[in-house]
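Shared between the two complexes below is chain A, which pairs with chain B and chain C, respectively.
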Partner chain A sequence: MARTSFFNRRKMKTSKSKQENQIKTTIELGTNLADNLKNIRTLLGEPGDLIIRETTLGETDTKCAIVYLSGLVDQDLVNNNILKVIQSNINEIDTNRINEVFQQIIAITDIKKGTKFDDVINSLLSGSTLFYLDDMDTVLILGTTGGERRSIEEPQSEALIRGPREGFVESVHTNIALLRRDIKNPNLRFKSYEVGKKSKRTIVVSYLEGIINPTLLKEVNRRLKSINLDIVSESGFLEQWIEDSFLSPFPQMINTERPDRVSSSLLQGKVAILVDGTPFALIAPITYSETLKSLEDYYERWLVGTLIRILRYLGTFIALFLPAIYIALVSYHQGMIPTELAFSIALTREGVPFPSFVEALLMIITMEILQEAGARLPKNLGQTIGIVGGLVIGEAAVSASIVSPVMVIVVGLTAISSFTNPSYSAGIGFRMLRLTFMIAAAILGLYGIILAYIMLNIHIANLKSFGVPYSAPFAPTYFSDWKDTIIRVPITMLEKQPKYMKIEDSKAKSNEEEQK
Partner chain B sequence: MTPMEDKDLQISEKDIVILVPSIVVAVGILSLPAKLAGVTISSDGWIPLLVGGIIMIFVTWLVVKLATSFPNQTFLTYASKLVTKPIAIVFTLLFVIQGIIIAAIEVREIADISKVYLLNNTPAEVLSLSFLLVVIYAVSGSRAGIFRLNMLFFPFIIFISLLIIILSIGWISLENLLPVFQTSIGGYAEGMKTGIIYYGNIGFLLFYMAFAKQPKKAPKMAARGMSIVVVLYILLFFVCIGVMGNGATTNLIYPTIDLAKELEIPGGFFERFESVFFTIWVMAIFTTALIALDGAVLALQSVMKKIPKLTIIFCLAPLVYFIGLLPKDYVELSTFGTYMAYFSLILLFCVVILLMIFSKIKGVK
Partner chain C sequence: MPMNKKLLLILLIGLVFLTGCWGKVEIENRGFVVGTAIDLEEKKGNGKYKLVMTNQLINPAAATTPSNAGNAQKGFMNISVDDESLFAASRKMRQLTNLIPYYQHLKVILVSEAVLSQPGLFTDVMDVFVRNHELRRGVKVFVTKDKANKILEYVPEVEKTPSMFLDKLANNGKNAGLLEPKKIDRLQNIFIYERSYFVPRVKLENNKIVYDDVVVVQGSNNQMVGILNAEETKGLLYITSPTKGGSIEANFDGNSINVETTNAKTKIKLTNKDKENLAFSLKVNFEGSIEEHYGQANLLTEKSLVEIEAALEKDIKKMVERTIEKVQKEYKLDVLKFGDTIRRDHYDLWKTIVDNWDRGENYFSKSTVDVKVEANIISTGASNRIKQKGKRDE
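Let's turn to the complex of A and B:
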């Protein structure tokens, strides 16, 4: 019952906000050049970067104007390919067939005709140049998008030792080009959406026709169409809007800066979503085991890849359970610790005034603060934090008998292990879960840990990412997909598309439909 | 974001293979060697265990065969066709009672065992309540999720069982296992009676088989699942007797856990292996309690279609908890458990035989 009312409220809210915020102008395009230019000036509030160049067409008397926002356009293109040709070439003009003539004169390939003021303004804001001609209610929109952009660099958040050094940039067109260079296949599709109520953003859905499951594509499109946001300034907005469960600690899409990661996912029949203005692309659907994969597993030889992947699973286990198990053993099951070790732990804990849970909590919170502070600081200061925070505070805390040395080892090992997770977003989820396990261990010991673990499994078993169960390929079981989970078999034995994507099923189904 | 619409639940062959051990393997095996060793001499208990197992493999096959001869129909639908609706409803409600009581026994037993092996000072009520809450959380999720859970936990259960068996091989002494075949016929019969009830409670297969993806293969798969249980039981019984001897095993309450106590993990990471073993075994008990409660919910749903699932769960859960609190001590709980096991077996036999006869009479192939 509660659920339905919750959704009703949400619906009401969205319908209300729809009426409030829409970029709708009542202005129409007229035939008078001066009026049209005045309209643009007043709508934008006469900004300093709005350039309006009024001139005449060649040597005729017809007045015309070029309008653009400096900084968003490629200045050379405007000067050489538009202004110059307009001013020089023309001697005579047939005003009735103006548009055809212009398409021959202006030396730019991307030309559109604009008849609606809204379209015209939107393309002006995204870097196009407008060409107005007196006595015409049609505007030519010239694709001159340019200006200063970041160049292609090595991705900061996903450094690999071996692998391509290219990373995505903020321009979606560059990103598309990067993918095209990776996959030279005519079936590679890019489908664009314009999203956002207050500011339009280009969102590009990329997939490989023929490999992708059509049901998945339909679902992605359905979700993208439901977006009702003011602005999509990062792919994170999009991710949160279209993800399956917003209560889950696990990301249901992977974000990546690496074109090679996106292209390998596309070849597996997945969907990538690129957003203009951010280097982070989204990949969907994913499963739990996907969050522990790194591309390097494939670039290195299979034995190395497998070992490193097992190490990563071990790291995740330690990052999740070690503090909890330590708390459970020290507070409830002392008998389980080997005798000598139990004695030495008891010895080091002598003088520590807190129970082990409080001790662990203190250390874990300190560590989280250090981690957060390190991420916010400039790069060259980050090291200082590591030294001051990690070494000095840790050492001092031990000698002041606030924490025991064993606890420092436990927390240190936990922190390092949690960095083995290749996906930052998934790693954050584990940090939350670690705290949950610690609380469970503090209340019910090992019994609490196993109950919390069962609950985690219940959650994972019920979680889906775009219709694919998060626990695949373990449950539901696809044995052939196990070749690329905890272990990574030699590349020659690796199948391109995982079974859990149900690509074969969808192909069979579409074949059946065709035969009917 | 509203999730993608879940298609109709379908359970694959692998799910069925794993469903049977998930239903059957739980607290029973922890005390089985003691009960069985009490009525047989030295290691002879494996014979009634094997014979009972073979009978139950056949029964499992029969149950699933019956259920899947009406593909994609719920128990209530085909039972109503065969033996009128009121009787079908009575049967369904009996299964509901079975589910509630089995869940209650599991919830109670887990608290009792945890108190002995893990947390000596925590009140049993807290232990059973926290376990029950986790079970409720799982039941309120999707039913497909429950099958995925079985699949996720099964490897752990098999792994820890195999580990305990392999580690104990070095400790087995032949004197404990010999002499063989000394038990009288009466002893074997007694052993059969004791042993077979630990295979019981597979009645819920009647309800779950409505979701089988390939009904034709299902009986074979379920029988295969039951064989896993039989092999596991016999192996664990053997190592218990082999390591501790018939006499000591008889006197223990949970010999399988105490067997783990005898063992040492190479490397000396943990002492008291029995705590680790029981911690993992919580998963096995969990899947059984989960299927019992979910089976009860599924059966009730088929009778009362209009009541939402969550309402049913929240009505059943307090019942489970309080029934679990009823037995005063281990003896009462054990007797209660035994009667319950007989009840579920007799119910299963009655329903299957009755429905078989009627389906023959009414000429369903």
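Let's turn to the complex of A and C:
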């Protein structure tokens, strides 16, 4: 019997993914300047930001034109290094004129020749300036990408008390520069891809040659090549396209705004994927314990770091299980509650009309709504949420006997604990799982919780992130990697890269290659 | 085909929800039983008994709010039902209250002396408590001098229910000088090996609960044979659980002196293996600190310490010997676990005497016990001198 496609999540849609990244047009580059310019105008629909400056080369009669999209280019560069030099003294131009302009006149380092109209138009759209010369079917593509962008700021989503304040920005070039500043190593590699059918985006795969496992790199490249999207406007699109299991509640890549986080991952033999237009970089592969790590664990002294880590594991446990355990204990296993507490819970639940599951569900859903509303609200309205959520719903629901005060404590503790997870994406997964556990507890009590927990563990044991088991270093046991999981040993004992990344293999291989 | 499989999956998941939530009872619908009292109403002719079972249920509203003078709502309610069996009685109780009796928080079981005086009835009565899956193994069992359900009506001042009061009283620290209560898991063990044993007794005197003596029960038929009074129980403490000895008063220099146990150990050894003349040596190693002294002598001298220690040794020895005497000669029942010493150290010998240990030939009552006490004062308190003769400021 063949397995149903419902379960067969590893099946990759490679057959369909014939690359169609290019924007296809039927227009060819001609030799007539006026025709060429007209082609561009009509293709782009004569937009207001399309600047075409027609002029002559120096004092000769040769007509030429500079074409760019304002806002995407560095205006100073265009004015000083292109327009000025073209208009200044050029007397003679030989037959191979474009080469001369290319080599001698224009004072810009990043110059390419374009012979295909599609290439040319793509460069124009990504901020290059085009230089047309009459009677030539070759166009100069001048790298003048610039314009207004956000400057480097402190990361909003991953603020640390101690640590660098720089965060990634939307420009991939700036981000690459930030990484270069962090790792000054000639083996640091940046491999660019252009992805997107309707709009092309630059995707940069970053890794450290010599440390990275070549099979991992091959797999990342294979997956990136299979992308068949119209547009990659955020790294999230990419993540969802190349992740291992789309049914899993756990993220299989970490997204981060912090260059220091990326560079420390690169040094562990991981791959970072930067996408132009978003400050969020992806790190792969990851394991479960990785989602509970914060860089601050390493920046603080190891005792503090370990304590904080243990707190975080505890917080995750509470966020996942507390409402479920409350339901199980109050509805099924009252004998497991300490005697006096059992009496007071019984008292506070006196007069609450709902079973504990409905009570918990009401509060959890309310909390989720508050959380969601708070996240989307303008900052100056944030206080309203606090008052409405805390006072009206918390206080009033208790005095109206809709929920018991103990339930409010449980929900409050759960909400606070779920914020201990340093990764927002991983936290969302837990919010979903929490509901599952609550349902399991409502149906079968503690037995149900254990059943659901076993299922969750089976899933985690089955999950892989780019070939690395998600439960490493616990399930494929790498004892030496336990030093940096729940506890974080002194930094002096953390010299080696994690074993589960199989870096030894790659080192051995690269050594062999060198010998050959 | 895949469509069918998906349908099957959905149906299978649905199955989980169809079964409903079996065994689910919300906490506010539970009637928490914290104490159970068992009394003997009458003995029927055909070897059956009519028992009265009294359950103490918690009234959460009154049991969790702090009491103030005006609001004298009781934190509990007692329900009594009589029947031939306790389980049937428990089932009958469901009809008397809207709450479902719930035994997982049961703290104490009180059994009246009347029940223990019937041969074998005590084990039968305890059967349901050991057998029932709802019950914990740590439930404490007490014997009551009079009607057991009278104790459950006592209103303690700090605790809300007499059951919780008894539960905590028996747990009270190591220096309280109180006997460790018997728990049902221990009783089951005793029943199986047919050992003779003692069970702590509680009684009401002047509307106060008194917990200072024990009932001695014969192992062969689980019938009560007598009691050890408060003084003898103190001696029992020094033999079975010496660290719980509490404080002891001794005489020094004509004045009384109070010494509290800080550490104590008792060792029992078999010194003569002849069946007919078994001899044991019992050694109590006592360490204590002086807590109170009436008089003005300087205690922190070699001479006075030795004197105090000698006085203590004499007192403890007297207590221990009196208890042994009573158990050995009057009741002829080994509730002091001398038998355990033989079983542990001389198993071959034990096999030959086990059937005649404290029954039949009764080697136990024929044996001799040599008691030795070594007392040690380790401290005279935070300050040695509070007052002293002839030290007036000159």
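The rule is short, and it goes like this: the second predicted complex is superposed on the first by the 480 of 516 C-alpha atoms of A that agree within 3 Å, B and C clash if a C-alpha of one lies under 4 Å from a C-alpha of the other, contacts with A are read in each partner's own complex, and residues count from 1 in each chain.
Note that a contact is a pair of C-beta atoms (placed from the backbone, for glycine too) under 8 Å apart; a residue touches a chain by one contact, two chains touch by 3 or more.
These numbers were taken from a predicted model, which means no experiment stands behind them.
After overlaying the two complexes on the shared chain, residue contacts for A:Phe474 are found with chain B alone; chain C is out of touch. By the document's definition of touching, of the two partners only chain B reaches A:Ala461; chain C does not. After overlaying the two complexes on the shared chain, residue contacts for A:Val330 are found with chain C alone; chain B is out of touch.
In the superposition on chain A, A:Gly445 makes contact with both chain B and chain C.
Judged by the number of chain A residues each one touches, B leads among chain B and chain C. In the superposition on chain A, no contact is made by A:Gln156 with either chain B or chain C.
When both complexes are overlaid on chain A, the residue A:Glu243 reaches chain B alone and has no touch with chain C.
Look at A:Glu350: by the touch rule set out above, it reaches chain C but stays clear of chain B. By the touch criterion stated above, A:Arg223 is placed in contact with chain B alone, chain C being left untouched. When the two complexes are laid over each other on chain A, chain A has residues 332, 335, 337, 339, 444-445 in contact with both chain B and chain C. Residues 1-2, 5-6, 9, 16-17, 19-21, 23-28, 30, 32, 34, 58, 60-61, 63-65, 102, 104-105, 107, 134, 136, 164 of chain C are the ones that touch chain A when the two sit in their complex.
The part of chain A that touches chain C in the complex is made up of residues 4-6, 330-332, 334-335, 337, 339-340, 342-347, 349-350, 352, 355-356, 442-445. Of all residues in chain A, those touching chain B in their complex are 219, 223, 226, 241-246, 332-333, 335-339, 444-451, 454-455, 457-458, 460-462, 464, 466-467, 469, 471, 474-477. Of all residues in chain B, those touching chain A in their complex are 1, 3-4, 12, 14-15, 114, 118-119, 122, 126-127, 130-131, 134, 137-138, 141-142, 144-153, 268-272, 275-276, 279-280, 282-283, 286.
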